[in-house]
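I've put the structures underneath this note.
In the two complexes that follow, chain A is the common piece, with chain B as its partner first and chain C second.
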Partner chain A sequence: MADQAPGVRIDGLTVVYKTPAGELPAVRGISLTLEPGTITGIVGESGSGKSTLALSLLNAVQPPGRIAAGSVEIDGLGDVVGFAGEQLRKARGAHIGYVFQAAQNSLNPLKTVGKQLLDLGRSHGVADLRGLVREARELLGRMGLDGARVLDSHQHELSGGMRQRVGIMLALVLNAHLVVLDEPTTALDMITQANILKIVREVHAERGLTTLVITHDIGVVAEVADRLAVMYGGRLVEQGPTREVLGSPRHPYTRGLIRAIPRLVGDIDEARALPGRPPTLVTVPKEGCVFRERCELRMDVCDTVDPSVVADGSRIVACHAVTVKEHAS
Partner chain B sequence: MMIIIRRLAGHLARGFVMILVVATISFFIINNIPGDPMAARYEKLIEGGMAPEAAAQAVKVLYGFQPTGTLWQQYSDFMGGLLHFDLGVSVSRPGTPVLDVLTEAAKWTVLPVLVGTLLSFLVGVVLGVYAAIKRTGKLGDALAISGSLLHGIPQYVLALLLVVIFATLIPILPADGPVDILFDPGFNAGYIGSLVEHAVLPVVTYALSAYGGWVLAMKSSVVTVLGDDFILAAELRGMKRSIVFRYIARNAILPLFTILALSLGLLLGGAVFIEKIFNYPGLGLLLIDSVNDRDYALMGGAFLLITASIIVANIVADLFYTVIDPRVRSGEDAT
Partner chain C sequence: MINGTGITKTFKQRGNVLGRREVPALRGVDFEIGKGGSASFIGESGCGKTTLGRIIAGLETYDSGEIEIDGTPMSPLKLKHRQPHFRKIQMIHQDPYSALNPTRTIYQTLQAPLALRAGQTGRSKGWIDERAAEVLSLVGLDPGTVLSRYPHQLSGGMRQRVVIARALTVDPEMLVADEAVSMIDVSLRLGILALLKDLRERLGVSVLFITHDVATARYIGGDGELYVIYRGQVVERGPVDTIIANPVHPYTQSLLSAIPVLHGLELPGEEPVVPLESLTENQSESGCLFAARCPFRGDGCTDERPLLRVTEGVPQEHACYYPQRRSVIARPMSEV
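After this line comes the complex of A and B, so read on.
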């Protein structure tokens, strides 16, 4: 595989979970392109399907879930949805790095970081394990840690911010150029959050990566992402360049989200919470717009017809009201 | 290493105190048991038609002493002897030191119990891992059911069942004591072969009756670890299956070592039913006999042995954790 940032094309991806009520979609018909060398942010509430989407990039949706339709085409690899067994295992880690949420314990508590690094190297047939350790130490040093000491530590001896940097190191050390970060700053304090985001940005630029950041925090996306995709009820409702989407949101959900952020200056009451609650796997509507229950622009057509995804330059929106308005003008 | 030595020293000191306390308690309890072994023997001789003076004389000759000291004196004698590993002389087997009786019986308990427990631990743990990984399949169900079933059958039923099947219906294995008396005790093929042959059924009974517990404990432990984030993380990093398997097994087996150590300590108390059924003159039978015979000294010795073995097992388990679990190790660092 070429030593450069790969592009990723997700097309018509649907992921279903087996429940007592039958197979229900957590992610439905999502199409999303990650341009080589960009940082894409995916924002959504809990249960919007964003983590499921992230796992799909590694074809790692956990049972009882499964990818029911669609493809995830990664440059230099192919469609990972068709991968299985050894082929899939080797793609994970070596080509696609996955960084867990810092609060999750992503390290074996009984082994030092260094030993787990060696396990990783052996799993991927790295001949020069000494070189791998050197690389890991450099990466950790690059992120402001004492590499030798961290490699000699167990998980319980590291702070949240340190663990997160170890996670990033493990995702990158095999020279993966596609990196997925799942809630990289959740459960970290503000200063550590800022540090981690800075590291993500810098490492992304230095190593020439294609990066996908999953978060529920619009602030994180605003900080790092070139492009922003908003998920709701398993659907992508809006995407586009981060500045444009945040500056002039089109989808009523995106608008509601942004309006709900309290400002540093001005009246606190200006921030208005979005009424209602997000749908769950069971309550998400089978047909029509998934957002209609909470939408202020609701029309009759929303109850019956899925809004189609309409592209307008670099902006993509799936909403009847927005489409109608644009046709009228 | 320093940490381990410091821990060991602390444990040994605490263990020593505990043993003294238990020895004290069992001394007073035993002393308060109604009845008197010598009086019992005396009455027996009288019933046998002996004259009272002759009977009293015979009892004196038999034991070589008459307890005359105060309770306090007896206690300090007992504790003093204890410090020299002198547990006194058996009452029911006049002239034999308690320690000798115990070591003779321990021989027939330790080996079968050790082999049986370790065997069931190994098999149970390995199958427990499979039961957890295949828990949605038929194999997993079968293993879990076998675990529950064997765990539920009482040990004596299992032992009798094995005797009926392998010693009576298909008489291929002996169930009549620990060894064939035809062979000379010693290091010769015939004697050792006979030992092994006789040990098969008791060992299998121990192993089968403990197996269920291991399977079920390991299964639930593995299921817990499988849900841990670091297992998914290892998979998403493309770790080899064999390495992930090792991560799972090593993390899941940790809590089982405590149970293993405790059951080894407890089993030294002997499994009365198994020893009775297979006619093994082990510690369990000895304890029962000593109670029936009102053999105070032997009773006290047997209690003490069981106590000591449990305390030692605990110490071993705790030290073992310092070696295998880094979290325990550094926990000590912090204090």
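After this line comes the complex of A and C, so read on.
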């Protein structure tokens, strides 16, 4: 088991779902590197493919979906796309922790948290179950909970914020160093959200993790992530260091998203809605730029040619208009 | 158009052998929403904001206090006679996916309340069709393409527009929007907010906005009243812009401090307030309800409960013995 933060290299990943209209890509040709020890945030709306991408990290895309192309190389593990059966099951949990949405009931309502913890330990062949419980209690205590009480509780006795922390504990207790958090704060209110984000940051630093946060809320990413990647229609349209992307967004979608957030100060009427609506698996364009229907910078070339991913230092953008403008200047 | 005084509501939970547990949801709340005005209730989950919204929409009873709609007190009236008054107030729920009947087309959904009214007022079928198309246009949907569709054929944003259109079929004077955009895609949220704002401006419909996000309340109307609710008590009340600029209650300050900072565009506030502990079920009932979590609690805070009032030097009403302005919200980098 690797005791340090692993790096992850996703290369040319394509995930397709079988539909009556044939196999349609939910994620198409995505390349993304998670540097060891960083927090990366993926922002996208429903149907952007962000959850499918996250599941690919565990090679857990369920039928009718399948990984059609590409690789997910994790340090100390190898390419998980080729994993199957027992090898895959062991990798999950021990190397990769996954925290599911708090709102969705990912805990078993019939068992106490402690019993579920023991199940987890047994299924991963942990010899020292007492040690596991001790570790869990410490982690929960670290997150501001009474560990013994929480382990004795059923999920209905815990609030949303507490369940979320239990989820984080279960993802980390087997000493995973790569952690994926799927919508960690959806359905939590503001104060609880701020609290959870602080915990994510602190635990990340203390345990030396590589963390991936999936969310629809740019504010969440702004608070925790070092790097930000924006997904739209199954494509990564922009990525870069969080502060740089928020400070000077390049892709028209990123710009539109930021402009669509009402803020507490400044002229509130500067907030503008993005026209149109996000594409679904069926309506996403087969060729050309996936965002063109809603884009204010649309050109003829956008209809036919997929914009290539252009790197400029640490910033990466896939947009014809941005590329043209930069060549001109 | 609607005001309430001293509204209380207590929920009784089925308890164990030792008896029932009583949970006070509202502890004597006063409110007032004028014709064409806007108001927002903010607070954590469980603070009572949704209960108050449901009482205002006539979907929930209250234990004591009085609600007047256009000057008519509601409690002396029988349920049957209250209904026409509460019909002026329509609720828009959080989840547009469960608010529409999946087996009905949009036309059928809109036709039902319209047919009822047509029957009452002796109007024709032609009026129903005309009005159905009209309300859809009001919410920015094309009647030609939408009327024959089923809810599953529409996006979340479009469904929420249909829900609003359905509320408009009865010519309401007020809309109660309970977290109306929280389940909608981020790029579409502002469109729904803009629609509510537009309905307020064009049709003179009052809007009551229930949310935990103050910034959206500001978008609907900075001049509207903001009610900060904590454990069933209004702890700060005043115009949205005044409170955002000068929050004095530590609870309001914690809510505002918790809003994510867009690093790169904004700098965090200078004096963020973080509650000492999280909200639990069995918190003290004596003195100030927020005292246990308040980083600034002082003498007397746990003895007697401060009531909502005006004090010198503070433009808005508040319920704190030690009101002090703190700069908690993020500032745009362009202004620094």
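Note that the second predicted complex is superposed on the first by the 329 of 329 C-alpha atoms of A that agree within 3 Å, B and C clash if a C-alpha of one lies under 4 Å from a C-alpha of the other, contacts with A are read in each partner's own complex, and residues count from 1 in each chain.
Just so we're on the same page, contacts are C-beta pairs under 8 Å (C-beta built on N, C-alpha and C of every residue); 3 or more make two chains touch, one makes a residue touch a chain.
Note that the coordinates shown come from a computational prediction; the quantities given were computed from them, not determined experimentally.
More residues of chain A lie in touch with C than with the remaining chain of the pair chain B and chain C.
In the superposition on chain A, A:E244 makes contact with chain C only, not with chain B.
Touch criterion met: A:V220 reaches chain C, while chain B stays clear of it. Of the two partner chains placed around the shared chain by superposition, chain B is the only one that A:L107 touches, whereas chain C remains out of contact.
Contacts of A:A273 after superposition on the shared chain: chain C is touched, whereas chain B is not. Of the two partner chains placed around the shared chain by superposition, neither chain B nor chain C is touched by A:Q87. Once chain A of one complex is fitted onto chain A of the other, the partner contacts of A:H124 are limited to chain B, with no touch recorded for chain C. Applying the stated contact rule after C-alpha superposition, one finds that A:I258 touches chain C and leaves chain B untouched. When the shared chain is aligned, no partner comes close enough to touch A:T19: not chain B, not chain C. Chain A uses no single residue to touch chain B in one structure and chain C in the other. In the complex of the two chains, the chain A residues touching chain C come out as 45-46, 144, 159-161, 189-195, 197, 216-220, 222-223, 242-247, 256-258, 260-266, 268, 271-274, 277-278, 294. Taken in their complex, chain B has these residues touching chain A: 228-230, 232-241, 243, 247, 250-251, 254, 324-327, 330. By the touch criterion given at the top, residues 58, 60, 62, 89-94, 98, 100, 104-112, 119-120, 122-124, 154, 156-157, 167, 170-171 of chain A touch chain B in their complex.
Touching chain A in their complex are the following residues of chain C: 44-45, 155-158, 185-191, 193-194, 212-216, 218-219, 222, 244, 254-266, 274-275, 278-279, 329-333, 335.
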